[in-house]
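The structure that follows is given in the form of structure tokens.
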Amino acid sequence: MTNTLSRRVGRYALLLLGLVLLPSAAFAQEVSQEMFTVNNTWMLVATFLVFIMHLGFAALESGLTRAKNTVNILFKNTAIIAIGLLTYAIVGFNLMYPGDFSLGEFFGFAGFGLDPGAEGNTSAYNPGYTYYTDFIFQGMFAATAATIVSGAVAERIKLGSFLVFTTLYVAVIYPIAGSWKWGAGWLDQMGFYDFAGSTLVHSVGGWAALAGVIVLGPRLGKYVDGKVRPVAGHSMPLATIGVFLLWLGWYGFNGGSVLSADPALVSLVFVTTSLAAAAGVIGAMAASWGLQHKPDLSMVLNGSLAGLVGITAGADTVGVASAVVIGLVAGVIVVGSVLLLDRAKLDDPVGAISVHLVCGMWGTLAVGIFSTNPEHAFLTQLIGVLAYGVFCFIAAFVIFFALKASLGLRVDAEEERLGLDVGEHGMEAYGGFQITQA
Amino acid sequence: MTNTLSRRVGRYALLLLGLVLLPSAAFAQEVSQEMFTVNNTWMLVATFLVFIMHLGFAALESGLTRAKNTVNILFKNTAIIAIGLLTYAIVGFNLMYPGDFSLGEFFGFAGFGLDPGAEGNTSAYNPGYTYYTDFIFQGMFAATAATIVSGAVAERIKLGSFLVFTTLYVAVIYPIAGSWKWGAGWLDQMGFYDFAGSTLVHSVGGWAALAGVIVLGPRLGKYVDGKVRPVAGHSMPLATIGVFLLWLGWYGFNGGSVLSADPALVSLVFVTTSLAAAAGVIGAMAASWGLQHKPDLSMVLNGSLAGLVGITAGADTVGVASAVVIGLVAGVIVVGSVLLLDRAKLDDPVGAISVHLVCGMWGTLAVGIFSTNPEHAFLTQLIGVLAYGVFCFIAAFVIFFALKASLGLRVDAEEERLGLDVGEHGMEAYGGFQITQA
Amino acid sequence: MTNTLSRRVGRYALLLLGLVLLPSAAFAQEVSQEMFTVNNTWMLVATFLVFIMHLGFAALESGLTRAKNTVNILFKNTAIIAIGLLTYAIVGFNLMYPGDFSLGEFFGFAGFGLDPGAEGNTSAYNPGYTYYTDFIFQGMFAATAATIVSGAVAERIKLGSFLVFTTLYVAVIYPIAGSWKWGAGWLDQMGFYDFAGSTLVHSVGGWAALAGVIVLGPRLGKYVDGKVRPVAGHSMPLATIGVFLLWLGWYGFNGGSVLSADPALVSLVFVTTSLAAAAGVIGAMAASWGLQHKPDLSMVLNGSLAGLVGITAGADTVGVASAVVIGLVAGVIVVGSVLLLDRAKLDDPVGAISVHLVCGMWGTLAVGIFSTNPEHAFLTQLIGVLAYGVFCFIAAFVIFFALKASLGLRVDAEEERLGLDVGEHGMEAYGGFQITQA
């Protein structure tokens, strides 16, 4: 990266920091109506891209699990986006961007519901987008955290209990955690950096996934006599569709996190995001070919996601070569992590903990190593990673534990054997599937 | 919604009304080349989003039906988009936006083919888009009406007859009906409001679906000895992919119906659309859990579509809370409607009538209840709903009946049992599907 | 050439030509920051649309082949996009747009890696996009050529050898070939025209597909005792998803090839692209119904792709009616070509040669027939088609032959019978697929 560009990026990063720091404040300078319209249009494009990630998660998760639990998984993912959007409108948005913090920059709340106010739909609210664009873009992010959990606890969790967990985690825990950085809370003031959510979204979801897996225990028959018995997914095409849609959505996830259509920054983010994903594929392919002797498709798919999660924290602030390194390392890490978690008998059917938590941590720390902005420090990044870990793991653990003690968390063994589709929904995913030929 | 915003929305709605009223007239004021380019770019983005809805329909419809009819359904949906675009270029566009009406604001025709004229690709044609953008955006809508019919008549209609119906309905009936409102015809002059087509697209398709179901009769074995025998869909992942793609496409369907990239209006439309879809999921989940004891995935999927169809008529003119109510009610309605249609022995394999006709009517009437624009009146909305019902149902019924009497409408019983894939196409959807394992 | 072309197509084409001819040079006139931002935003939207074509290829190819080779196909397609992006960053981009040619306008190289330089992220680099946008848009195109090959050689090629071929072809052959026209090389100076790549992308991939099929030979059991035994695809829904996603992506492939958000040109390109695809469906439907007696879904799907490939060379320079003719002819051609290739015992499991090579040639020649620009001459187009044919076929043949002689190109007969999924990857695509019901 040339010095000139470095300076440009630095300048834009500062501008961006300003936008993040003052999300609901009035802006000193407005932009032309034309520029405001381009910016807002890009943010809405980014919004529908993030939306489609929910289909990506649904497809990936159902593809990597068994056919007898497919309806349940699709149902959960459809419910999550609905619950996520509605609770974010009611409380989440105002918890995440409270304006004033009442509890020492740890907690604030701006009241229930949406209120654009007098300037909400003008560039006086924000030169990059209207109030409603702000809400809907962030709302699409919110449900993602719970979606990550869904994969890890699949094939054994009770539907009702999962929906209660989702509602609480998306409505309360995710936005409070988010406010610490994106809402201008204590970690933001400390200089912690997470561009688009390696930690704020992916690790926040990943910690809850880990808590859920621990409280639930492994699926029946997964670990028998000290051996790992692989449970094959029922549709690799579905899993692949999921991963490509997630990759597609990431252009909105990271590209939209620029918070405007700024040509220099958005195009840089597209390049770092793409190359990190590509490098993640290569890293996982090499690791899988080396460790497992034959290259595993699910590892390679998770490798691309690992690269994407890894680059998310620093997509606007690392160079192109650094992005490749970050993705490559993430691709190797995810393969190792999947194998190690199985050794530890932590049963995560889709590899969600490895992809979102482990690579989310890696990506956040990588900002402290590779960032072109000298203000980003490894130690601060580490503090952020640990703070989110403590808060989110404990919060998720408590909720899961309380659900276990009250509603019950796990379906009974008979239902688990027959599948949750019939047990929870009274229907099958492939009921009308009778092939005449063979 | 604050008074200030109400006023803003009202003002934009008036501007929008102006755009709709004068689609081919010269505009008093042009916009800057920059603004014209942003507007046009957004309209083209909306265009490709509406395009992808056709894949959504294909996936949803084939997912909810049996594997033996899958090729036929995919074939129909591929043919519809092709026939729809071509006939719209030849006659539809000029029937829908005739400029001058020759039959008392009920019918007009501006001639065959496309002709941008001198100003077609400049902002003098329209500050929001070029002539070609106008055509292709509207053309993507056009085929939708026939796609809706496809689902209702699935698993028993002859391919050739269906294609003839589609051609006539898309080329002639849909655009004439559309001209009454969007072409500045009599209903528009009466003050009827349908922002993006709860009635003009969804009910227009839904009435034809109802006519088709009545003329065709139910599938063999669906109603036996007075009992409803459920026919399970063959792939719920496919159905879910379909619904998420439809939801995605709706951001273009509704977002593009603003007819410019206006930040205030497009972002409001994104929020009302999203929250109505989310509320539709919740409404259907509650209704299904209550009435059917276990939450049905296909009901929840149709719930999101119900919310989307419901909000389509007023997405730019109702408040956020109203959008939630409209979606919630639509989600409940669709579950009730699906169960009631089965009692009436109207066999609609995918629930198209309930989603598109019933919720389309609900959404259109809801404008008369929830609109922030005092000029929108319930009675006028009701007149519009009835007028479209009478015209479209009769037109579709006549075409279907004429086809039944001439080419024949229904495949014979033997072919219906074996499946239309082999009968109509000589191939199977899953012919090369031999899993070695088991 | 520049002046003559500009007279015919207008000032936008002049600008466009300038962009193509001088991709890394400074521009005499810059645009407003607003216009630059709209242009760049559209190019990034086009980028993610082209990205999703890779999922389209993966779905189409796996849908049209047997379940036992599905993992292998999905793996290849995931690896290709990764290899394509990374090699394009390292060498491809600078081979394709070398600036100076060292070998008589046949070959040039601007050095390894990406370097935006001082003006790379400003409109001084290019009024339509930043340096990084330029790279990532072109990078998405690059991998496409190898993806085309993947389908033709499916179900029998060794994974390792295919990946080596892909790397060489994408990193070296594709960009050198591309430089002849888009990099302002000798064919560009001769007046050859290929708007978005009927030849530069599709035929370049198609020639390699043909070479691969010849060197590999047909699948076991495809041609027995002089008869063609059809091998049914394992999932027509997957194939249909693939085709619709490819069609969707084509709006970015062709729409982005305008290299700006120019309203007149991009909207024209959307219309010609859409109508050619639609006409391709109709052409293939008619040909298939006529020749095969029953309309074949895979033919119709390939018909839409045929129309899209056909219009790609002239999407900005032919009229709307010509686009329909081009698509219609392409749809007929593809059906005939598929049947003829089978007679010639050239086994192409997905019809890639017919779609991409044959219709790519047709589309390129069609520019010489239908272009509204009198500078476009049939003879020049023919020279271009032949030049690419000679270079690409020989290059691909040599690589495939060398691989056959070294690593080996084809899996052994036992592995081919059991499927490449188990043989190359040790896993199955539908391992966890056990339907409880039937």
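Each chain carries a letter (A, B and C) given by its place in the written order, and its residues are counted from 1.
Keep in mind that, in the parts below, a residue touches a chain if its C-beta (ideal position, glycine included) is under 8 Å from a C-beta of that chain, and two chains touch if they have at least 3 such contacts.
None of the values given here were measured: they were computed from a predicted structure.
A.B. asks: Which touching groups survive when subunit B is ignored?
C.D. replies: Without subunit B, the chains stay as one piece.
A.B. asks: At the interface of subunit A with subunit C, does the proportion of residue numbers present on both copies reach over half, so same, or stay under half, so different?
C.D. replies: different
A.B. asks: Where the CA atoms of subunit A average out and where those of subunit C average out, how many Å apart are those spots?
C.D. replies: Chain centres of subunit A and subunit C, defined by C-alpha means, are spaced 33 Å apart.
A.B. asks: Going by the contact rule already set, what residues in subunit A reach two or more other chains?
C.D. replies: In subunit A, 34, 38, 41, 45, 235, 241, 428, 430-431, 433-434 touch at least two other chains.
A.B. asks: What residues on subunit C touch subunit A, complex-wise?
C.D. replies: 33-34, 36-38, 40-41, 44-45, 47-48, 51-52, 54-55, 58-59, 62-63, 70-71, 74-75, 77-79, 81-86, 89, 113-118, 120-122, 129-133, 135-136, 139, 159, 235, 238, 241, 424-438
A.B. asks: With touch defined as at the start, can you tell me which subunit B residues reach subunit A in the complex?
C.D. replies: 2, 4-5, 8, 32, 34-35, 38-39, 41-42, 45, 49, 65-68, 231-237, 240-241, 243-245, 247-248, 251, 255, 261-264, 266-268, 270-271, 274-275, 277-282, 285, 292-298, 300-301, 304, 320-321, 324, 418-419, 422, 428, 430-431, 433-434
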